[in-house]
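All remarks here apply to the structure that follows.
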């Protein structure tokens, strides 16, 4: 599939598996390089060239993994939701496969956020785990990922699986949001609210629980790095899924012939 | 539609007591809890409301896979799909039948079981109300899960894996109402939210369930 | 015999992750508990051991009806009955396969989940040990229940109804071991009793199960 | 009324099994589908009944006119024979099940739980269901499985009676049913998998 | 070896369905059971296979010599055709499944998950199971259900081959299988319900 293709008339044409393979294949190296670079810079800067926090000591550096992974964990689900909608509305197989590919990555990121959080919690709150709404809603998010992946693996027929998981993803999203509110209602937590993206935090003017600039720029970098990493993984996994799907189709042909 | 409801009820009664089973399971979970967590009655009465809700939820769960599985296996579901009633109707009826055979009896029996876990007396009324308002949602959501997993062998565990996260909001608000009721705190907000969830699911989810069933039948 | 074990494991893995599901369900039950009983971590850590045991027991329960039901529905059980292996062997193998896909993973995962319910650190070791010693009994007893109810439509609830009372002793001693272990008290006696129960059931119950299966097949 | 199938292509397990299927069945006549195992009879009937989507082609009238009797009967073992029939009748707004019971010689068994019937008796019950749907077009998939000669005759009579009332029937079978009506060999319609080319990559998914 | 059934009475659902059944089948020959629906063919075969107890009478040799193919095949949809056969083969200590695959023309389908087979293909798999049991006496209950003509021929050949090797077979069927071998009409053995007298009040329970 290496020879030239006519220029796409609409963005949707990238959802044609063949064009997707060509395009993603072309994109892959750039994303890879970019990701490695930003991640390396961000993490190294964060770990070695920032002062220890006066309150939290060196544990604060966990934030460079914790926050980005948490961010990705949330956005992976959003991406799955969008992909599912695209599949249901426009029936582009690639989007269904992309959703399938995103699930394990998102689940892993959720686990990382949970783990790093737990490790962080030990020194900060004196406990590995507390039923703080932020934490708990992540746990619940993890459960949603589990159910979604389980359904994918349980159904043999690929198209049926795509349809059903999409339906689950949409309904699930609604309930995930519901649960988040329910949890906040259920318990007030020790976990701090979003401060990274607050102007005060950036300008360093606001007082309590600010993430001051020293920590902020490397954090931003590593967030971008994680985002790139996510895209990279999705591209690779989707390409794999496309190929696997194609192999199955060809085998089916074989049988009929 | 009515015919379908009648048949489902008849079936669940013939097949060894629709009502009985859910109740009995509920009873057992409630009785096992003290064995597990120890007999200390102070502890018990603090967790009573929660355990009751958990028990109700689980005994709902156990009967879910039967909502559609049997009809699928013996081909009845296909025939229903070709029958002159909308699949949404089928889904709703199935959910209703399930609620009548599990949610309803559980609601009515809850106070009796509350005694076993020495739930504080003020709690009883609100326990019942919260269950009455909450359990329909459990049945409808459960039907959706059953629709997704119908036709998969060993659906049982997979089904619960998919359904339980969807139960979280209902469980939280329901237990909250019961707990606050027991402690005589204000419970209007969670009660309202609980009712909201139930109404929304009852109104909307059957469409999703119907879609899932149709997909599974192809 | 080995062939049967291989097949059963293959089936439970093919049908969407034998191991995964039980674990996931366990995780969910553990997660739901605080939603029901409230986030107060003091309360939680007192009931942690009990809840863990209850969760393990329930996730065992949910997979029970698949032990024999599928083989019965597609006629495989009849053929196994006419095959040159003793029905006792079949029953034992089925129980073993069930334990390998549920009891074992649960045991290994229990400590991780202990963290969630902030089980006191001393508890972890004994939690694991009590599960390792107790869960085989759950599988064997469960197989017996499955054998009794095989061939009944909507066996699910009925099965749990029959099995749960039989689980009581295991649950009591198991939870006792875990709780005492957590509180650093003496636990030799309950542990010994637990082991006794397991050994006895593993040794004797398969005969009862085999008899029940034969009767159900007539 | 007439059943018209115009170059229909049916898919199963993501692959085309039949393509270019064309036939018409006039009211009052029956069509017998023939073909070796695995050619696609069941798939074709399911497509006609609207249980799965056609890959391409037209079927008129729509599923709402069709009653389909598959390998599985969809009757409940715990309900009695008459209860099962009454359920289907109600569902289709038919009031009286006694003709159906009579046609398939089930009166004697009416009170028996369906689970306690022998294979052939079960089958008769399954076929009787068609008579209470009130639909014009009957689709049968191997209807005479495990029926004895008398029951086969019963079935043939029932179908003839239905045809006599202007209904029509499509029957997939491997054995002779003593049913007059023209026969369709499905062999020629077997789908030939298209050979691989670059740009049916997209289609290769379906 | 010889299969000897001496005045056998079989019960189903608490009622006698057949009584005084007598027949012998010499090795190398086949017996075809015939009779209307519900006469008791399945019940009789299940009794021979040792799946239910005889009310009275003798069957020699015991079940350990018999392989029984019932309405249900007992194959797993998620396992492939060959995996299913291998399982049964191992169970009966047979090592090689290739002859069975060949006899029932399943080589092409060997890698297919059994769930994705058509009715007839499933049936062929079910019948192939008999060939890997290594048992002398084959009991078939309506073996040719939903088989096309070629497959029926395949089946007949397989049985003949088995007979040729000194095996023997009992086949319950409604249609002609092109199998030589004597035929037994079960009609005459239909159990007559004993009329009520005072002192068989006790037996009335059985």
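For reference, chains read A, B, C, D and E in written order, and residue numbers begin at 1 within each chain.
To be clear about the criterion, a residue touches a chain if its C-beta (ideal position, glycine included) is under 8 Å from a C-beta of that chain, and two chains touch if they have at least 3 such contacts.
Every value quoted in this text rests on a predicted model; they were computed, and no experiment measured them.
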Graph distance between chain B and chain D, where chains that touch are linked: 1
Chain whose Cα centroid lies at the greatest distance from that of chain A: E
Top chain pair, ranked by how many C-beta pairs fall in contact: B-C
Distance-maximising chain from chain B - centres being C-alpha averages: E
Distance between chain centroids, defined by C-alpha means - chain C, chain D (Å): 45
Chain centre separation (chain D, chain E; CA means) in Å: 28
Mean-CA-position distance for chain C and chain A (Å): 35
Mean-CA-position distance for chain B and chain A (Å): 33
Two or more partner chains touched - positions in chain C: 15-16, 21, 24, 28, 35, 38, 153
Shared interface positions of chain A, touching two or more other chains: 140, 143, 146-147, 150, 154, 186, 255
Touching two or more other chains - residue numbers and ranges from chain D: 13, 71, 78
Chain B contact footprint on chain C (complex, rising order): 12, 15-16, 21-22, 24-25, 28-29, 32-33, 35-38, 43, 46-47, 49-51, 53-54, 57-59, 61-63, 65-66, 70, 73, 152-154, 156-158, 160-161, 164-165, 167-168, 171-172, 175, 179
Chain D residues touching chain E - in the complex, by the definition given at the top: 13, 35-38, 42, 71, 116-121, 124, 142, 145-151, 174-175
Touching residues on chain B, where the partner in the complex is chain D: 2-4, 6-7, 10-11, 14-15, 71, 74-85, 217-218
Chain D to chain A touching residues, read off their complex: 13-17, 191, 193, 196, 198-199, 201-202, 204-206
Touching residues on chain A, where the partner in the complex is chain D: 1, 16-18, 93, 157-159, 245-246, 249-250, 252-253, 255-257
